[in-house]
Amino acid sequence: MSELLHVDNLSAGYGEAVVLSGVSLSLDEGQTLALLGRNGTGKTTLINTLAGATRQHGGSIMLGGRALHTLAPYERAAAGIGWVPQERNIFKSLTVHENLTAVARPGKWTPDSVYAMFERLAERKGNLGTQLSGGEQQMLAVGRALVLNPRLLLLDEPLEGLAPIIVEELLRALRRITREEGLSAIIVEQHPQAVLAISDRAVVLDRGSVAHADSAQALQQKPELLEHLLGVAR
Amino acid sequence: MQTLSAQASLLQQSRIKPLELVFWLLAFAAPVLTPSHALIINEIAIVALFAISLDIILGYTGIVSLGHAAFFGLGGYAAALFAKHVMPDPMVGLAVGIAAATLLGLIASLTILRGSDLTRLMVTLGLGLILMELANKLDWLTGGADGLQGVVMGPILGRFEFDLSGQTAAYYSLSVLLVFFVLLRRVTQSPLGATLMAIRDNRLRAMSIGIPVNSRLTLAYTLAAAVAGAAGALMTQTTGFASLDLFEFHRSADVLLILVIGGTGWLYGGVAGAIVFKLMQDFLSSITPQYWMFWIGLFLVVLVLVGRDRLIRPWTWLGTGRKGQS
Amino acid sequence: MLTILFDGVAYGMLLFILAVGLAVTMGLMNFINLAHGAFAMAGGYITVLLMQRMGVPFLVCLPLAFLGAALMGALLERTLYRPMYNKPHLDQVLFSIGLVFMAVASVDYFLGSSQQNIHLPVWLKGRTEIGSDPFMLGMGHYRLFIIAVCAALTVALQYVLTKTRFGSRLRASVDDQRVAAGLGINVNLVFLSTFAVGSGLAGLGGALGAEVLGLDPTFPLKFMVYFLIVVAVGGTSSITGPLLAALLLGIADVAGKYYIPKLGAFIVYSLMIAILIWRPQGLFVRKAGK
Amino acid sequence: MNSALHPKAALASETVLSAQGLEMRFGGIVATNCVNLDLKKGARHALIGPNGAGKTTFINLLTGVLQPSAGRIVLEGEDISTLAPNERVGRGMVRTFQINQLFDSMTPLQTLALVVSQRSGLGRRWWPSLGHSQQVAQRCEELLTKFHLAEVMNQRTRELAYGKRRLLEIAIALACEPRVLLLDEPVAGVPAGEREELLQTVAALPADVSVLLIEHDMDMVFSFATRMTVLVNGAVLTEGTPQEIAADPRVKAVYLGHGEGAGA
């Protein structure tokens, strides 16, 4: 399995605040990484840094053998990054269909294949972004990243604040995208169980650096470690 | 290892520096040393007063205004009309000019409390244009487009007659400038001045430490209007003439430029800017009469691209210079 | 009375074409560009020069005025405007005032300060009147032409914005610049083209408006307030807001000058201040707005 | 729900701040759902909960930035639910900000002198200089030393190191002589080297000031707080001592996502 993503000694933040310091991790082609950690430990900052939306102080990011950290934000989609932001940020004054067509890049994933995966979106094709429920906005945000036909999908807390049935539907979709379609992905979540079940590897951040790196299955068998790193514990 | 105690350090910042005394002595000596330049000294003093009035809202409180000439013009017309129809005494005329501008400032301050920089820009611009329209249309009172004729000023304090050489005018304007300068210097160094600077730097935090932001904005805007009215009154009293030009857009733009040349948030910025601007205007318009506007425009563009603070405050050239401008 | 309304609509449409570029660029980059009027003046003078010196017919001049102003806009955006985007609003205001002063003075120097007039082709002159006296609608042919051209441009603009991929990418950038860039939209390029087209439209508006608004070196200063009113009142989150604001302003101005000439412009300015106090983010922007 | 009162803290048991049945609705969404929280005098109370639990909304309700849909806020026996933000500061309810909100062009000394003057009613003085009052300068010196800002007191705030700016952020709140201090993620974004100084300063806050701490960093929470409230989806899940909360299975479910606690 060839290595897709290689992050080395990355430090980044917003303005002068340094959130990430000395983060290194790697991901092989076709694999899914669960990025865990309590709030404020730098999970979102790491995703945003890969997408080019933060101020990178140091370190390097290699995607498919090419340097990503030197690219401007808008060039990173072409380089293979498919970003699903934490607040979903779908485009309010565009319809569902426009949200997809505005950014679509040629490849396997097309607006129609997104509609096939999320029937609810197909019904709401003509609606404006503002007229969608939280779940529908999340599906649109995932679909919008898919139509970029990226090499690496970045999902920032995709299950956050959604009703259980929507969480189930999204997990099924994510499983299909990563397992069956073989798309590499980094999924950020606060609740470890759901996301570990569909991941190959896992990295836990604490105070801006990597506190623990493991295979997903191994981490699932260490509840006391999980509790120490993620729960309300000293 | 504290070098200065907190109080000593604070007092040291507001203490009058020898350099300031030298400056004011020179300023007051100028009309005598160079009698032929008395008229331009008078103009510089008036423009300097107008500039420091704008600095109170722009430099110290962070309010962008493109219509500050409204108060300048109102003060001017009020003083001129008062002298023509009621009483020629300059000091009383000056007080009337200030009172009129203060009233307008108080009312207009309601318009600058809400909205963004763009809305404030528009509202102040609109106010300036409204007053010019009014002055133009009420021609029975203001003399309309050709201005107010026949404004004769009485002697200052009953003794100093306004003479053609302009020396009395120069001293009159310089003394009024000095009085207001000292007043504004105290205000900007006082706790009240500090709260204005806090509002300029971070309005959210200013509110969160208990500063009643809106009443402070009203206070600053009204104070600035009063001082601008004084400058306008000096203008019409020393020239014996009031015209629509007092409200012109370019006057509000020029005073903005003066402040930027001299540096905002620094009171002496308005004075230094006025000197440089007036001398530059005098020099340039003698070479290219109609087109000095081009050079002012070019100067502005270059000044902003280079970064305002770097150009004027020489110590920033040597300093870290990490952040180009405020 | 209908004639007043007709003239007001023509004037409003013209103001819209002149100001729409400013509204979109301000919405996208939150940049206060007071020099927008200079591009309109450029379009006007390009037309005057082409017609007087090279005898180019009026209709051919219009697209050339558009292209000339658009080119100037693109050039200036790339060179002078680009470093200004993250500077404070005061700097942006000073920068654009500086540009306006330079434009006014250089046009005055090269082309003189006299009022320029355009020799309209014959078929554009004249007037037709319909209806009887109280409801007599007098339509100047040229104003009719203006309304037709501006209406066509508005429809085209609306089409580009809502139906084309470029339009959706532009609106996406206005909605959320950070995420739009992260999803592969080159926001700087989008802005460059919008700035250029906006300047081009202003140039076209300047050419069309020379007859109605008059054309002399002080044009950018004289009409700066009107452009800003359209943007401030119309808001920057869509083009329908500025369109309605421009029409409102056009009609108010024409009616004001006709019915109460004494206080004509006074009405427009106080109307503006009242609106801005009441709704600082603009009249036509929904509360959620930007 | 709260444990028995400690005998020795009998005096301290008096409630300084009390949120009673606070509700906040944005359209259909209920951001704050009937929250009751009592802050004892001298309390070291932590407010924790996952993202989107409504902590920020709750703080905005306490400080008056938002008006509650229902419920009351009582500060030292006085109902302050309708007071404007700056009036609540006058009554001793002060907050810090997660993202620094400082006066960049002023110096730390000028900033603190301004805040202390404003708090002691000198804010409207326009003739005497900022450094005129001896008490104000004295209080500034105490704060500068306590917050390790003495040696940078005359530097422009904009040029201070990030850790120093976080210290100034809290010093400003202390300069308001708060009776209730809302600390919003004080160590957020502080590089490792500068954390220790900040942790000590927060630990050394005056005993009579009641502190409500919003923080995700568990080391900080456990070393600082004596009581904790867990907020989930805008409602109070539970309240108790740190040890009780750590052992509570429902909290584990919320944080680790076992069984029914996940999502929703």
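As written, the chains take the letters A, B, C and D, and residue 1 is the first residue of each chain.
The criterion applied here is as follows: a residue touches a chain if its C-beta (ideal position, glycine included) is under 8 Å from a C-beta of that chain, and two chains touch if they have at least 3 such contacts.
All figures in this text were calculated on a predicted structure; none of them were measured in a lab.
S.K.: Measuring between Cα centroids, which chain is at the maximum distance from subunit C?
M.R.: Checked the centroid distances; the maximum from subunit C is D.
S.K.: Distance between subunit A and subunit C based on Cα centroids, please, to the nearest Å.
M.R.: Going by mean C-alpha positions, subunit A sits 43 Å from subunit C.
S.K.: Would you kindly tell me how far, in whole Å, the mean C-alpha position of subunit C lies from that of subunit B?
M.R.: Here subunit B and subunit C have centroids separated by 33 Å.
S.K.: From the mean C-alpha coordinate of subunit A to that of subunit B, what's the distance rounded to whole Å?
M.R.: Roughly 55 Å separates the two chain centres.
S.K.: Residues of subunit B that contact two or more other chains, please.
M.R.: Answer for subunit B, listing residues that touch two or more other chains: 326.
S.K.: Return the residues of subunit A touching two or more other chains; collapse runs of consecutive numbers into ranges.
M.R.: Within subunit A, no residue touches at least two other chains.
S.K.: Could you tell me which shape the graph of touching chains takes: line, ring, star, complete or other?
M.R.: Here the contact pattern is a ring, one closed loop where every chain has two partners.
S.K.: Kindly provide every pair of chains that touch.
M.R.: A-C, A-D, B-C, B-D
S.K.: Looking at the complex, which residues from subunit D come into contact with subunit B?
M.R.: Of all residues in subunit D, those touching subunit B are 63, 85-87, 89-90, 94-95, 97, 101-106, 109-111, 113-115, 117-119, 122-132, 134, 137-138, 140-141, 144, 150-151, 153-154, 158-159, 172, 175-176.
S.K.: Give the list of subunit D residues in touch with subunit A in this complex.
M.R.: So the residues of subunit D touching subunit A come out as 48, 50-52, 162, 165, 185, 188-192, 216-219, 221-222, 228, 230, 245-246, 251-252, 255-258, 262-264.
S.K.: Show me the residue ranges of subunit C that touch subunit B in the complex, using the header's touch definition.
M.R.: 26, 32, 80, 83-84, 87-91, 93-95, 97-106, 108-109, 113, 221, 225, 228-229, 231-232, 262-263, 265-266, 269-270, 272-273, 276-277, 280-281
S.K.: State the interface residues of subunit A toward subunit D in the complex, per the touch definition above.
M.R.: Residue positions touching the partner: 13-14, 16-19, 21, 38-41, 157, 159-164, 167, 190-194, 207-208, 223, 226-227, 230-234.
S.K.: Touching subunit D in the complex: which residues of subunit B?
M.R.: 1-2, 5-11, 13-14, 186-187, 189-195, 197-198, 200-202, 204-205, 207-213, 265, 320, 322-323, 326
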